[in-house]
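One structure coming up, written as structure tokens, with questions to follow.
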Amino acid sequence: MDGLATLWASTGIANFHWQQLIMIAVGFGLLYLAISKKFEPLLLLPIGFGAILTNIPVAGFSAEGGLLYYVYHVGIDTGIFPLLIFMGVGAMTDFGALIANPKMLLLGAAAQTGIFATLFGAILLNFVPGFDFTLADASAIAIIGGADGPTAIFLASRLAPDLLGAIAVAAYSYMALVPIIQPPIMKALTSEADRKIVMEQLRPVSAKEKMIFPLMVLGITILFLPEATPLVGMFCLGNLMRECGAVDRLSKTAQNELINIVTIFLGLAVGSKLSADKFLTVETLGILALGAVAFGIGTACGVLMAKLMSKMTGGKINPLIGAAGVSAVPMAARVVNKVGLESNPHNFLLMHAMGPNVAGVLGSAVAAGILLALVGG
Amino acid sequence: MENNIGAVLLEAANLLVVGMGVVFVFLGILIFLMKLMSKIVGGDAPVPAAPVNTNRGGRKVSSASQDHKVKAAISAAIHQYRQDNK
Amino acid sequence: MDGLATLWASTGIANFHWQQLIMIAVGFGLLYLAISKKFEPLLLLPIGFGAILTNIPVAGFSAEGGLLYYVYHVGIDTGIFPLLIFMGVGAMTDFGALIANPKMLLLGAAAQTGIFATLFGAILLNFVPGFDFTLADASAIAIIGGADGPTAIFLASRLAPDLLGAIAVAAYSYMALVPIIQPPIMKALTSEADRKIVMEQLRPVSAKEKMIFPLMVLGITILFLPEATPLVGMFCLGNLMRECGAVDRLSKTAQNELINIVTIFLGLAVGSKLSADKFLTVETLGILALGAVAFGIGTACGVLMAKLMSKMTGGKINPLIGAAGVSAVPMAARVVNKVGLESNPHNFLLMHAMGPNVAGVLGSAVAAGILLALVGG
Amino acid sequence: MENNIGAVLLEAANLLVVGMGVVFVFLGILIFLMKLMSKIVGGDAPVPAAPVNTNRGGRKVSSASQDHKVKAAISAAIHQYRQDNK
Amino acid sequence: MDGLATLWASTGIANFHWQQLIMIAVGFGLLYLAISKKFEPLLLLPIGFGAILTNIPVAGFSAEGGLLYYVYHVGIDTGIFPLLIFMGVGAMTDFGALIANPKMLLLGAAAQTGIFATLFGAILLNFVPGFDFTLADASAIAIIGGADGPTAIFLASRLAPDLLGAIAVAAYSYMALVPIIQPPIMKALTSEADRKIVMEQLRPVSAKEKMIFPLMVLGITILFLPEATPLVGMFCLGNLMRECGAVDRLSKTAQNELINIVTIFLGLAVGSKLSADKFLTVETLGILALGAVAFGIGTACGVLMAKLMSKMTGGKINPLIGAAGVSAVPMAARVVNKVGLESNPHNFLLMHAMGPNVAGVLGSAVAAGILLALVGG
Amino acid sequence: MENNIGAVLLEAANLLVVGMGVVFVFLGILIFLMKLMSKIVGGDAPVPAAPVNTNRGGRKVSSASQDHKVKAAISAAIHQYRQDNK
């Protein structure tokens, strides 16, 4: 019966390192957050599952020839998966609210302060023993403040692949935590009177404007920031397919089956980066802390900018909508709406917050392009 | 090493200023262009839906009537085809 | 007009080997079984078509640079296609009937005797001149008794790629033949009184139980049989997506578009292994014979185990449901139901047979893991 | 060579015994754990559907009512938006 | 602030070559044709977008490691994308009208004259200084006359990859221009009396005939022209899935999600070949001119053949339907119907024109096979 | 070089003749086989739907559902067509 001995030698029990057990527990923790807490379940469920699979001893999911090895190298190493997700998100995004009120872009810009301030903070953290972030690491970590999952994954795969797992987990977790992180900051920086401001109805937007918008965004990105064109370009392609009215079957597929398929694989591949040696480090704690800081600063700067604009327009803008500038579509806009309703139960800010919300997506893609141009390659 | 961190910190500060500056400039240009576009394609007009609709209306109607003919032909053909294949 | 001569020299007529003609006939035969006899058409149609394409002279479908060459190497050599199918099947499987009656797992275990007995039989066949199966070959052949297509393809691609075509064809053919193979065995091993036994209604199963189940299966597979985690893990991922209620759009895509796309390619790639030199051998006859034996033994052992359990529970279990333990979901369960109705027209065994049926899927994945651990690598 | 087959046969017999043993042990453990789970999450209770439903019911209703409010707000906003963009 | 200098050095403005600007303008032009003029938008929109992306300086979309680099090499270099499109088109094609009236195949044959005459013309063009088409180039260009996008892309990727961009753009543009190119030719070659001919109703076609048809086409292609089996085989696979009635879920996926996904990527990959050095050449002008000639000759020969058949059958065939033999399904058939209605408002030729129309698809796939056999490899 | 073009021209002419010849022969064979098939499977009968249905008797219902599918396909196509031509 030496078969039994061989079999015993190949069990998980006989091969576990305690770090793998902890990482599998982390994976189950992510599944719990995804399923029970509804934390961005579409991504965190496959990420958590991938984290479990990659830490199974003997099975070799992420070893050469393993399933996750292939998925990671085909989809993330090449940058293809996040770009396809971005195309799908573009096909799902309605820029109407932003086109009706272009100034909202300033809120999407202000909220990016979270990114660049966190970059500075990450380097500061190097004074703490145990941390040694390069500028590339710091940039990849800082993009968590962009509150945009695919952008974070894309940039991390380019600048700091070793930190990708922690960065992606932090990005999606904080995006899910927006309803908890943002309201206190929003309330601290605004007065009750501010929050009661009713904004005037948005003007209607024509189909033609919606169709030209992605081309315009693409055009100026080409001119001024070509490093951002992979992200912005695929996003604009999706949005153009959505708005042009001529390729509805492609648009429908891009925002349904294609994005679903890619999401499953992207999640598994990100999870495969949650190995013990990469994740169970003090740097992960730093990343989680910096991510929270980034979200906070982004939210605060968005609100402050909105407050400034409110002053300058004589109180036509409710400062709360500045918080939506971090992106985290559509969660942040919903949080704005909810906080606004608490102060004035007849004041529906959702559509007004959608403008800065989608502006935040563009803003963080632009920030990613700047970081790629200055820090990358 | 702390000296080294100092240099990187300076670079990070530089990034903070340049980065935020470029983000604002970039999105500022976009604001300008969006307003320009809205004026050109007529989205900002007092009754904005009207000119746009008229603008596209002409095309729509003619193509609609054209469509109608083609559809009639197709549905006639399909009707015949279905009866044959019953 | 030397163009005509060149063209003639490139016709199929001028280049056929008779073996290719026979294999193309085999391909058309598989199409006939798939379309007219409804033998597992979703797989046998693309397999048959792939068999035709790969045997066309001059066209080079399976030569380097050919379509089937790429599809095989990307999807089967890597093991990705069968694993994705397994994920989709997991997303389609309802374990409710098994969770309500966990003892049914014993039937799913008993039916795996077909696998291990056939392995022994395959080695015995080496006494017949012309056969020379290694232990790896024998294991890959024996898994046909698992009555599970993707498991058979996955194991064969790992242990005996040269036999993959014949093994896959045998597995799917016998799965389609379940309604013909099983009833005589079932009737021979049970009495009329046995077959009339009415089973008590299954208890309701909560959504929470269904959600925890795949995680539990994954957990003990990690602990005791990590070699089985590629198959079991992807199956559990699909099932978790189905049952957790948080990622319905992923679950829907996994069990529809994604599995459909992969099925087309998997079938073509399997068909590409039906080349004359691999298929027109005496070993193929051996594989077909052993596959039938495996099915028969699996069915018999399932029924006998059910009979034993019926005795021990004082006749609360209808022995017929043991036959469903081979898997072949849901065909085997339907056959049980039909044979049961012949003896007692008011006795609906379908839901009771679904328990052993899905248990059989787990059982053969576990058996595959054991074979990989002991014979593979 | 027959001697060789003999050795492989022995190995195959070994596999037969070990394999079936492990399959039964593995699925046996699973049976045990499933029964345990059913007891813990309440699936085995005499009227099993009830406690489970109550258990989840509380959560469901509260989250549903919460959801409902959000949905009302959203659909009001969307309605307004649609009318604006007609 | 040397960051600003670095950033400026990486802008598009600082890196543009004027050729790239022109090619980006070409890309926007294709988007305009696709969206505003509805020129085959499903393909021309992604092609145009791909053309823009590939010509962005710094971004490196088509450089090694860029998105379009991967898409092109995975999908077009291998020939996989056009073959999958062909499978999807097969799953969308109803051969009923052709099966009811097999003689229509002669019209599909006659219209291929456009291909072979253009091949001759392309070589003739070598007398003009600046042109230097090889026989392979000429063949790839000539296939534009087949009025079938995926066939043109497949053949060009095999025989003249450098010309692929221009050939694909020409093929889809002319397919979209069928309503403008064909009517004058049709009217010039037919009399008012010809155009008034009412054709007798088509006989009904059984499901069995429809199911056997793709197998028969595959069979004779295997026997006589195996070089055409990649195209014809995948087309027949799609059509068999459609007509056999046993694999509806595969057929549905092949003609919807799968073809949509592949269309997006195929378009982008074709667009990536629209680089300045390949497209801004005098050869592109030659290709555009030859393509128009090919369409014209194909149309004319189809109509003339139909006229001959009309004479021989004593006026039972309306010569207009010959024009549909070029393929461009279903546009050409619709044009026939429209021109027919102008002469006789009660004469619906649509179903009659569908016969030659689908025959034209087979005809150009056969022609492509001949060119591959005689000119390729 | 013109001499060279001449040689290629000859080849092209050769291709023109051989190519069109083979296309016609190939599709001609197909015509012959299609007619043969129609005779064999009964598609040419005066009331062609009847024998086929009788032949397939048990599957009559399924062929009806097949029709249904064809109709669904047609209407899907028309739907798409309409959307394209909007």
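The chains carry the letters A, B, C, D, E and F, assigned in the order they are written, with residues numbered from 1 in each.
Here is the rule we use: a contact is a pair of C-beta atoms (placed from the backbone, for glycine too) under 8 Å apart; a residue touches a chain by one contact, two chains touch by 3 or more.
As the structure is a computational prediction, the values presented were derived from the model and not from experiment.
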item: Of all other chains, the one whose Cα centre sits farthest from subunit C; value: B
item: Equivalent of A-D within the choices B-E, E-F or C-D, defined by over half of its residue contact pairs recurring; value: B-E
item: Between the pairs C-F and B-E, the one where more C-beta pairs touch; value: B-E
item: Distance between chain centroids, defined by C-alpha means - subunit D, subunit E (Å); value: 49
item: Length of the line joining the C-alpha centres of subunit A and subunit B, rounded to whole Å; value: 23
item: Junction residues of subunit E - those touching two or more other chains; value: 3, 7, 38, 41, 203-205, 224-225, 245, 257, 370, 374
item: Residues of subunit F engaged with two or more neighbouring chains; value: 15, 18-19, 22, 49, 70, 84-86
item: Parts of subunit F lying in touch with subunit E, wherever the complex brings them together; value: 2, 5, 8-9, 11-13, 15-16, 18-20, 22-24, 26-31, 33-35, 37-38, 41-44, 48-49, 52, 56, 62-63, 66, 69-70, 73, 77, 84-85
item: Residue ranges of subunit C touching subunit D (in the complex, touch as defined); value: 99, 102-103, 105-106, 108-109, 112-113, 115-117, 119-120, 122-124, 126-127, 134-135, 138-139, 203-209, 212-213, 216-217, 220, 224-225, 359, 362-363, 366-367, 370-371, 374-375
item: Interfacial residue positions of subunit B with respect to subunit E in the complex; value: 14-15, 17-19, 21-22, 69-70, 73-74, 76-77, 80-81, 84-86
item: Subunit B-touching residues of subunit E, taken from the complex the two chains share; value: 1-4, 7, 96, 201-205, 334, 337-338, 341, 348, 350-351
item: Subunit C residues within the subunit F interface of the complex; value: 1-4, 7
